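Given below, in the form of structure tokens, are the structures.
Two complexes follow with chain A in common, the first pairing it with chain B and the second with chain C.
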Partner chain A sequence: MQGLLGKLLRANEFYLFLIIVVVSLIIQARSGQFFTPNNLVDLANAMVVPGLFAIGAYLVIVSGGIDVSFPALASLAVYAVTRYLVDSGYQGSVILPFVLVIALGALLGAFNGVFTSRLAVPTLIITLGTANVFSGIMQGALSSVQISQLPPSMEAFGRASLFKATSATGLTSAMPVSFLLLVAVLAIVFFVMRYTMFGRGIFALGGDESSAVRAGFKVRRIKFWLYVIVGVIAALGGLVRTTSMGQMHPTNLLGMEMMVIAAVVLGGTAITGGTGSLTGVMLGTLLIVIVQNSMILVGVPTFWQRFALGLLIIVGTGVSAVQLTRRRKRQRLVAE
Partner chain B sequence: MAEPFLSIRGVTMAFSGVKALDKVDFDIYPGEVHCLAGENGSGKSTMIKVISGVYQPSEGEIVMDGKSYSKLTPIEAIQNGVQVIYQDFSVFPNLTVMENLALTGEVSAGRKLVNWRKFRQIAEEAIAKIDFTVDLDARVGDLSVADKQLVAICRALLTDTKLLIMDEPTTALTHREVEALFKVVADLQARGIAILFVSHKLEEVFEISERFTIIRNGKLVITTVPEELDRKKFAQYMTGRDYDESSTAPTGEPGEPVLEARGLGLKDALYDINFTLHKGEVLGITGLLGSGRTELALTLFGVFPADDGEILVGGKPVVLKGIGDAIDNGIAYVPEDRLTEGLMLQRSIADNIVISELDNLSNGVGVLDDKRRAAEVELRVEEMKIATANPYNAVSTLSGGNQQRVVLAKWLATNPDILILNGPTVGVDIGSKRVIHLILNDLASRGMGIIVITDDIPELLTVSNRILLLQEGRLVAEVDPASVTEQEMSAMITGGSVPGKEH
Partner chain C sequence: MTTTTVTPTKKKRVGLGLDPHLQRLVFMLAALLLLFAIMKTDSFTRVSTWQAMGVAFPEFGIMALGVMLTMITGGIDLSSVGIANMTAIASATVMLSIAPSGADAGQQATAVLVGVVLSIVLGTLAGVFNGFLVSKVRIPAILVTLGTLELFTGIAIVISAGKPLSGLPPAYSELLGGKILRIPMPLIIFVVLALVIGFILTKMAFGKKLYMIGSNATAAKFSGLNSVSLLVRTYALSGLCAGVAGLVMMANYNSAKADYGVAYTLLTVLIVVLGGVDPNGGSGRLIGVIMAIAILQILQSGLNTFPQVSNFYLPLIWGAVLLVVISTGNVGNGFLARFRKKG
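This part shows the complex of A and B:
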């Protein structure tokens, strides 16, 4: 038990959980509306898109890279598919949009994958470049405009709910079906990272790339497929956002990358690669979503949200940086 | 003797016309501990790569278990039981010991899924083979260097290993860890596994190696037994020159004190340290790892401000609360790990030299004066005899010895009165070592006070006027280098009898 407790006290996730509890209690005390059924469902709803993106960003960061192209990738994939379906007057089920978005996400992810696995250029630079290519194609070649009328099945998917939660005050919120998608992706990625050699390869790669090569991992192949998977997850996130808004807003997602990467890093994933847990990623995302959604409950003006988010990012990354220096210092003293 | 496990016959390895190996013959027998020695760039690494199948030789053959290969592939080498442990161990610092041990085998077995129970089983078997006790769930990055190495050894032994090649295995280990390693090696040897050590330091592997093969400029110089070797011969074979190891300690009378420590203390590391460093003197400081020798250097350089006592520079008490204070007082420090603490490897030699004196080379508005910079760089490259065609090449293009000279040049550019060097020739080959020792002599003769911290005993005896011995954070003795032999000095460091003046 001692060991378990010690492990708990050293885990980043534990402290993040405590912070979330404290923040929730403060909001509850000030507004009395945090622990209401509809607010909790709202939070779960708001988790879906950033949660999906965060899972993708987590995979890339664990592998030792960083991806800033996923909002642009998602926007392009979903815009192109929606445009095509709307223009062809599509009336069928929601399966086809999903299949097309997944395929296009995989293709665009493969575009990232080819460059990252073949070029010795930092992934930040590569994905900065591809992000611009993606949004350039969308805004230039496809001359994107807002699509206000989605195909009926997509719109229905966006409205579909698992259940509705009503608070004492009479406010009602619906738990969207897409929450199941987040759960499913989370479960699959958890399995892949923990129980497949591909997943362990991603960790190995993030720990030491040349060791991974020497150990016999097919590093190029792992990187390529990693970006394909991340492309698919990001595109799914984009599709969820579009269907839940009931319209395709081409630039709606752009700029989300900083917040998502911050959530991943807050969750204890080392920005240098090789370590991090999905629990941490979800907690980090939850904290950011709470700050974004619930500050309004305590009457904090919206412009302070950005301030609070910025502060969270600095504190979150600062804490891990301090831990790293401490560990290094300790190691040096021990080594000497 | 039995048949050799592996022989290479007339192997030549040419890279675009340059022969990295030239008609080399070499044998290693089952259960033999063999040392391959040579200076940096002599072809040692090329030879390992030929044996492990990474390079295919241009000429010659490799015979393994009676079978001849003109082109050996890495897979064939591994299947024949050849395993290499590289200097960096190729471990994954972010993963657990268990995973580090089990991954490689599972990857090569082509597995797609992870069976954690099997991983643990593999790992337990692996550490049991050499009676290594370690927490399988610990992250490898949190282990000591010695334990990381043992993890790498365990991993290498998971396959049916017949030849284990270890690249510079003892460089980063303490004496006790080296002893532990040698026990493991003896055990492997008893099981008929051949061990090939690659090293450029005789002391490190002398006691355990049964035969030595020395190469120079890609050519085999000699294969011999340790009885035929002493350090002088070893150095001659490696460098091809007569090896001079006469003292380089300055001969002039030491001048007035430049640096004094009075009752210096640092929490949990140093206790009541008193000494005086004079102008024109080289003071050696030695002790085991953990004796406080690096803490002492860092205290004098302001990195760890002293908790007790005082430091006097030029007879005046000074407060050293940071590196800036130390530099202002004319103190320079050349760290132990030049690669991470002393140099920007990707930047040019010139940039590295002038980095610590940018203020002096700038004009009134803080813009760098290119002409003065160029003149300064030229002067320092000349003074330090840095072997480079162009000082604007990256530092990473230089050999270890020349890199160390760049670090020296960088600090000399600040015109210090006091120079502290920690392990000045770690990782430097014998030829360059002598050059650095002579530079120290020259600097001291010009009036600088120099402190050399080292556990390289021959070096300590060669460069120092006086030697201070640290044990567990206390100065326990002052030794006259002319009055002790290497063996006596070594015994003193490891805590044996301490003759000479008691403190």
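This part shows the complex of A and C:
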């Protein structure tokens, strides 16, 4: 038990969990509306898209890179598919949109993968470039406009709910089916990262790239497929956002990358790569979603949001940076 | 990169004094100018075209100068746009309170003076904050500036409540929007800052130390460099540049708003990488960065003369140029070195 407790007390996730509990209790005390069924369902609903993006960003950061292109990638993939389906008067089931979006997401992810696996340039700079190419194709070549009428099956998917939660005040919120998608992606990625050679390779790559090469991992191949997978996950996130809004708003997702990276880093994933847990990622996302959604409940004007986000990033990364420095110092003392 | 001396360039400079990357940039610039001259001769020969460029590019050009300094030390500064907007809004607020509309010339002069000084001081302080987090708390520069970009933009939104601040004293736009001998004021500011930074990088010990810390932070530390003070000063300089860029932006738009120039975050990084600065630090020359600025501005102005081409193609071209340059050039050697260095 001692070992388990000690492990718990050292885990970043534990403290993050405590912070979330404290924040929720404060919001509950000040507004009395936090622990209502409809607010909790609203939070779960709001977590789906950032959660999916965060899983993708987590994979990249664990591998030692940084991806800032996923919102642009998702927007382009979903916009192109929706445009095509709407123009061709598509009336069929929701399967085809999903297949097309996944395929396009994989293709655009492969575009990222080609550069990241071949070039010895920081991935931040590569993905800054591809992000611009993606949004340039969407806004320039496809001259994107808002699509207000989605194909009926996509709209139905966005409206479909697992159950409805009603709070005492009579407010109702529906738990969307897409929440299952988040759970499914989370489960698959968890399995891949923990039990497959590919997943262990991503950790190895982030820990030390040349060691990973020496250990026999096919680093280029891992990197390439990693970005393909991240492209697929991001595109799914984009599709969920579009269906749940009931319309395609091309620039709606752009700018989300900072918030998602913040969520992943807050969750204890080292920006240098090699470590990090999905539990932390989900908790980090939850914290940011709570801060964004519930500031209104306690009467803080919305324009404090970005300030709060910036502060969260700096404090969150600062704490882990200080911890890292201390640990290094201690280790050096032992070594000497 | 085995930088045994503190020479900023990797290759020995021979012939024209240009390394291969600079030669490529000169070639690109010449080709662009030629293309522009042939296809749009009338606007190419008009002075007003060049004046318009001289007004437009210093906004991001000045920021890029600061980003270049941080990248030479192996860091990065993504917060320039946030600093620029925050300082612009702060000084606009102060100017508006000193000289509301209809103020006399004396009040206006005071307001402009206070506004300009405030912007520069605030920008420098914001940079010091970045530098402190990078060097003392030891958070990777990319995360620090990502966070402070949000933080400073957040402060700008909070002060201005998300609305544009306009009605600045006319004396302000007369000063920064004016021309001296037909040369636009922003261009003069850019040239002065570029000269100062060029002097720092090539003639001062501080500049040489930036290259040393960028090429090998550990070695620099063991040779007795005070990396904390060096980095704080570097980020402070970058913050100062961002503050000045904010002043230029405020003059160009004749107002201040929290979301002006959001595309510049990418653009400044693009310029600096295109200019041949190694993203891992330790090498890069001012002249390359200036040429990169010129190339991108001429590309943009040239594109604007074709009405049928949408402005939305611009990010596509920027992104493509960046990808082409990093795919063909020899920028960046150690893939992870950049994040490792500060971690």
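Assume the second predicted complex is superposed on the first by the 336 of 336 C-alpha atoms of A that agree within 3 Å, B and C clash if a C-alpha of one lies under 4 Å from a C-alpha of the other, contacts with A are read in each partner's own complex, and residues count from 1 in each chain.
Everything below uses one rule, namely that contacts are C-beta pairs under 8 Å (C-beta built on N, C-alpha and C of every residue); 3 or more make two chains touch, one makes a residue touch a chain.
Please read all numbers here as calculations on a predicted model, not as lab measurements.
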item	value
Fit or clash between chain C and chain B when superposed on chain A	clash
Partner chain in contact with A:318 - chain B first, chain C second, else both or neither	second
Partner, of chain C and chain B, that touches more residues belonging to chain A	C
Touching partner for A:115 - first (chain B), second (chain C), both, neither	second
Partner chain in contact with A:308 - chain B first, chain C second, else both or neither	second
Partner chain(s) touched by A:275 [first = chain B, second = chain C, both, neither]	first
Partner chain in contact with A:166 - chain B first, chain C second, else both or neither	neither
Contacts of A:149 with chain B and chain C, given as first, second, both or neither	neither
Chain B versus chain C as contact partner of A:217, first or second or both or neither	first
Chain B/chain C common contact set on chain A	270, 273
Chain A residues touching chain B - in the complex, by the definition given at the top	194-201, 203-204, 206-208, 210-212, 214-217, 270, 273-275, 331, 334-336
Chain A contact footprint on chain B (complex, rising order)	86, 88, 90-95, 99, 103-104, 106-108, 111-114, 142, 144-145, 289-290, 294-295
Chain A contact footprint on chain C (complex, rising order)	76, 133, 137-140, 142-144, 146-155, 157-158, 161-162, 266, 269-270, 273, 279-280, 310, 312-320, 322-323, 326-327, 331-336, 338-340, 343
Of chain A, residues touching chain C in the complex	64, 66, 115, 118-122, 124-126, 128-137, 139-141, 143, 209, 258, 261-262, 265, 270-273, 303-311, 313-314, 317-318, 321-322, 324-325
